[in-house]
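Handing you this structure, nothing more for now.
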Amino acid sequence: MIKFIQQLINGTSIGFVYALIAIGYSLIYSILSFSNFAHSTFIIAGAYTGFFLLTAVSLPLPFSLLGAIVGGILIAVFAEKVAYRPIRERGNPTLYFIIASMGMSIFGENIVIATIGPKFRSYPPILSVTAYQIGGISISVLDIMAAVVGSIFLLMLMYVVNKTRQGMAIRAAAFDLETVGLMGVNTNQLISLVFLVAGALAGLAGFFLGMKYTVFPQLGNLTMKAYVAAVFGGLGSLPGAVIGSVFLGIIETIIAGYFSSTLRDIFVFALLILVLLVRPSGLMGAKREDKV
Amino acid sequence: MSILKIEGLTKVFGGLTAVSNLNISIPQGRIYGLIGPNGAGKTTVFNMITGIYQPTRGIVEAEGKSLAGLKPNQIAQAGVARTFQNLRLFKKLTALENIIIAGQYNTKYNLVTAVLQNRAFKEEEKRLRQEALQLLDLVGLSEYAEYKASNLPYGHQRRLEIARALALKPKILLLDEPAAGMNPEESLALMGFIRDIKDKFGLTILLIEHHMEIVMGICEHIVVLNFGVEIAHGSPEEIQNNSEVITAYLGEVEKDDAAS
Amino acid sequence: MGYLLGIMTLICCNIIVVIGLSLLTGFTGIFSFGHAAYMAIGAYSAAILTTKLGVPFVLALIVAVMIAALAGRLIGIPTLKLVGDYFAIAMLGLGETVRLLLDNGGKLTGGARGFGNIPGKTAFPIAFVIMVFSVIVMRNIIGSRYGRCFLAIREDELAAECCGIDTYGLKKTSLTISAAFGGLGGALFAHYITYIQPIMFDMAKSTEIAAAVVFGGLGSLSGSIIASIILIGIPEVLRPLYQWRLVFYGLLLVGTIVLRPQGLMGGREFTIQGLKNAAQWVQEKIPGRGKGEKR
């Protein structure tokens, strides 16, 4: 039982990190209708920026965390400006976005391998070692921080999306980008904003992942799981992305804990395919027939 | 006997009832019009007839056979062809290829003969090409056969899309705003064209259009939708004099003016 | 000489795989980032047949192609109902899954350490003839109604459906053919290299195949072929820069799509007539010669 509760807690904590990734991914999907595979690049940008600020520059933790966020933002906004905008302006099909984002994700991972190196690097053990013990269950400070900071950011985002003008424009754009543009909203700015938010969340997630595990070039591949979570919760639905992520985090930790971690990864994909087949719009996403 | 019959057709999107309990019955060889303000649900009716949307309720029958559960390609092959409000040509392909693609659904060769390129294959290909060229000629686009569809002038693209629908050898043709974006002269030419193809191919046509002079000019019967509900149907004269239709189109202000 | 011949054999094997993906991505508009999986299926099936079961090479090739095609068909049934991105994700998952299965295949596949002692049957002339044969088959498919249906699906799936095309069925056909070509390329590759490992068919390989298709120009068969020669040939010659290979592929994918989405060949085909036109164009550009100067 204790083991189970422990796994529940570990799963929730990793679930929060997935949620940070899944939300950004879901936001981009809802506006531009394609899976941004380059999200992995935003994550490693955050993770490595955080790592270098903590080690080489020895900045204190909060500033490094901030740096990681900025790292994520820079890459995300850059990717949007340099790659996605030209494709969008030419009115190319979704296929082109998918290919470009795949290309970026491969470029990102391998430029890190070629320049910084393929090695795993550990963050300095600032938080990860300290843990609270409650009745045989241990909760690390890092997990608490991930949950707290993650929640703060998610709540902030929900506020922005639901209560502000920009948020309204984003929601409207998710429904119909073209019309929103016709109504006088600067869609380029709006899309940049969405990438900024997605990049910030991805940078933050990268930082947490680096602290929790290590940093390595393939760290971004974890995005795959956030994709699954986002799809599971229903693409384009923000609460869905959070719930899907936490759910996936828990299930995954339990499978890894009781069975094996190979099985865990196969399970994640099996789940994805299953969800897509049974309910292509995800569990929480609205069922939608494309407008003709 | 009506060739296209719609009964109790309803479509609900989430909370929005886009089409509500619609009945239309078109006899063989007629041109019917479907009109209504923006968002009235006209295109949604076409999408349900062609199997793109699943109706929430109601039935569609073509030549006495129910189309329920058929996929769009099966409905197309069953003789119901359509055009789209926002042109959906195969843009990067030539005009000729656009037509051949629609005309080839009952081609008599398979993958193996296609690879071997035997006599049957070559003859079928020749036939497809000739039929497509004839059709292009008929719609007056033969000189554009090798042009990419996207490079054609806008009006010609509309014509090409109609020709593509005709290549399916349909019995029923659904035209969604064929005159959209055309000037009065072009619209007039289009009107003649629609009459022509109706006679040549023995078609029954259901037409959505905002250009009233076209609707009134060629439709024998008109159905008016507003917010998904049929508010009137009848001959062009009846529709033109129907106060409810005028209200729906012109809005409350005009009604007040008329009353005072 | 032997070295050069080796690279050329390798290029032939890869051309077959690349034109397979070209059909799926360039002509049908369906992107797959796990295409090395079909190559792996073909390679391992053929290798097991010849090495463990003593099946003659040609027969093994045929069976391997059939197995790969069947795999493509079966995988297509659920996944091709998905929209584009989800299909791409599913194929990524497939690529990894096939690799995991091979890694854990025990005696049958040799696991992660690999599968050796495969007879070296793929001599250059054989690879070349089969490659040419494959290109002709592919060209004929593309020139038939099937090819036109694929193009229609790429251009506008809904309009294609309304033109009487069973888009789901034809997408399955496209994937099946594509997988068959992948399997053939893989089977030939296994009998050239004589030793295969799951890692040879990893994400990097899938990337290489996809990069060749995109760089060659979506919808151009000859573009795919030329791009395969360039992309497979160059890294072999420039071994020292090996670790930059994927950086380059990534950049090539983004760069091509952003800067020149029509790719090397711009969706056109390489023909003798095209060559003549190009020559004429060059002549016109050279001052003092050709028609360009006569006004």
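Letters A, B and C mark the chains as written, and numbering starts fresh at 1 in each.
In this text, a residue touches a chain if its C-beta (ideal position, glycine included) is under 8 Å from a C-beta of that chain, and two chains touch if they have at least 3 such contacts.
Just so it is clear, the structure is predicted and the values come from calculations on it, not from any experiment.
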Central chain (distance from its CA mean to the mean of all protein CA atoms): C
Taking each chain's C-alpha mean as its centre, the one farthest from subunit A: B
Separation of mean Cα positions, subunit C and subunit A [Å, integer]: 32
Centre-to-centre distance between subunit C and subunit B (centres being mean Cα positions), rounded to whole Å: 40
Distance between the centres, which are taken as Cα means, of subunit B and subunit A, whole angstrom: 45
In subunit A, residues with contacts to at least two other chains: 292
Sites on subunit C at which at least two other chains make contact: 158
Subunit B residues counted as touching two or more neighbouring chains: 52, 84
Footprint of subunit C on subunit A - complex, ascending: 29, 34-35, 37, 82-83, 86-87, 90, 92-96, 98-100, 102-111, 113-114, 224, 227, 231, 262, 265-266, 269, 272-273, 276-277, 280, 290, 292
Subunit C residues touching subunit A - in the complex, by the definition given at the top: 25, 29, 31, 33, 78-79, 81-86, 88-90, 92-93, 96-97, 100, 104, 158, 207, 210-211, 214, 218, 243-244, 246-247, 249-255, 257-258, 261
Subunit C residues touching subunit B - in the complex, by the definition given at the top: 137, 140-141, 144-146, 148-149, 151-152, 155-156, 158-167, 173, 219, 267
Contact set on subunit B toward subunit C in their complex: 50, 52, 71-73, 76-77, 81-82, 84, 88-93, 97, 100-102, 104-105, 107, 109, 111, 114-117, 121, 125, 128, 164, 167-168
